[in-house]
């Protein structure tokens, strides 16, 4: 318990809340990495997932690749790219994108395919174009699953963003690795608590969004 | 390649340590998830809260959890036991909701008719409910196994031996082959364990096999 | 007028749904395609709005070959009602009904007025307009499906086993309601069912199909009952079944109609006995 008190004391120290390595800046960096990683991955995975889910083409291939990609160790990718691409944000960003794509792709495909085939068939028979079916039927009905994919990707990138500090970048992971090097457990613990808080806030926000986007008629059922 | 050939003994040692840390959490999480899921399914509100809690637990990044646990349970940050406890928690976070879904996927009609035929509760669970929940349980264990094997490597930054050490050591010394070998071996280990689980599933649940040409 | 000329449908993999089918459906006529599963009846229906394109042969509407029409435009001009209604679960009753008018560019406000009229036409309480499909009974959902099919005031209404998923009592009500609607609206209706009683009730003409879309007999219900073309039709319509083989017995001074099993089916009113 004393270590928790020491960690709280570390967190309460005003010196740790200002300057370029202060908690606000590190948190902003961590959040920035996460948003950037998920966004770039979404730009790739969501259109591909919409196409694969709607047409059924490439769907099983995409899901198999996404499944296999989950076996990749995050630390391995981060260190590998850091050696290949050198110091900077490029290497971790590449790792974030690769690790975020499986969740996003699987979530998007599941979202599009979650609509009852009879509903989609009826929409087509009414005279909706394929784009209209996607935009007005499949996406609204599958929105919670799509956000679920974003949630999974965010969890993955928040964790990986911490390892970015290991290869010389910023973010909240800094405190853990500084503490580790200096055998300063309170600082490691304080950094850990901050990351856990950030991860939980992000996850809860997306969970809330997931609930809010559930289509009303379906929730009423 | 040269590095790999020169260090086969090191790699073998790390692979062994990796499995020792990864497999017990998978087994323990599986075993504990069954009673927990049955318990959760008994009450609607309990099921909802278990699912939500599991989701949030899984959202906690691994390294901070490795750091946090010693403060809570008195393990050492650098001990394999610490990693194993954390991985068991993640395993439960994934496996309890999966097991809960698995038991819910069993048709109530089938359970009702088993009761009507005179199965005692324990026999009904072991001979009817568990086998029928099997396919969904298997899917859950596969995810847990792959995820656990990948997560073990994170312990490397704390100095806990596993294939993750290849990343730490390779990065520090600038040996690309060492890191690449670590990535490939970790992924291969995950895929091999996954394949073994699929085979085990086929052996234990012959009714789930795809109807082949030979059996037609 | 809808015409099928020697249409054939083979699915990839070689399954033959329809071998060679020709039929003309006159305007304002209701024609029922009836057959067991595998008779190709739904495939034939879906050729009319190009949900299925024939492998060979031509389907035309008022002389236009449908394969030359844009499928989306074509579908918006034809009402379609299907089993389990296929309503959009995330949209209210009202929004479901106005789907097609809105797709065709009618303003939402204008379409809403029309939706309420249609709800009355199909016998739905307008207070249900803001409900979601899942909040309605099966029968109400089917009525919404019919209203949606009628929303763009199409000349043609395609109905694919629309009452197949509701219980027999509600089905009876819906069938009577459809008869009443057809007397008022005089649409060209092509209706698919596997239920011969429903076919005889709804159809001006009935097409009995064998597997593979082969026509066993076409005619009015009276013609088919009076002269079944062969044993297949005889068995299908149940001509030799007790309930269809009726005779008159004189009881207490009145003509009572009795079926082959001796069960009373009804009383013959004066004047109705002579052909």
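Per-chain numbering from 1; labels A, B and C assigned in written order.
Here is the rule we go by: a contact is a pair of C-beta atoms (placed from the backbone, for glycine too) under 8 Å apart; a residue touches a chain by one contact, two chains touch by 3 or more.
Everything quoted here is computed from the prediction, not taken from an experiment.
Least step count on the touch graph, chain B to chain C: 2.
Geometrically, the chain at the heart of the complex, using CA-atom means, is A. By count of C-beta pairs in contact, A-B exceeds the other of the chain pairs A-B and A-C. For chain A, the chain with the farthest CA centroid is C. Separation between the centroids of chain A and chain C, computed from CA atoms only, is 50 Å. With centres defined as mean CA coordinates, chain B is found 21 Å away from chain A.
Of all residues in chain A, only 116, 118-119, 121-129, 132, 136-137, 140-141, 215-218, 220-221 touch chain C in the complex they form.
Residues 1, 3-4, 7, 68, 70-77, 79-80, 82-84, 155, 158-159, 162-163, 166-167, 173, 176-177, 180, 185, 188-189, 191-193, 195-196, 199-200, 202-204, 207 of chain A are the ones that touch chain B when the two sit in their complex.
On chain C, the positions that touch chain A within their shared complex are 46, 49, 51, 72-77, 80, 82-92, 99-100, 103, 132-135, 148. Put simply, chain B touches chain A in their complex at residues 52, 55-56, 58-65, 67-68, 70-71, 77, 143, 146-147, 149-150, 153-154, 156-158, 163-164, 166-168, 170-171, 174, 176, 179-180, 182-183, 186-187, 190-191, 194.
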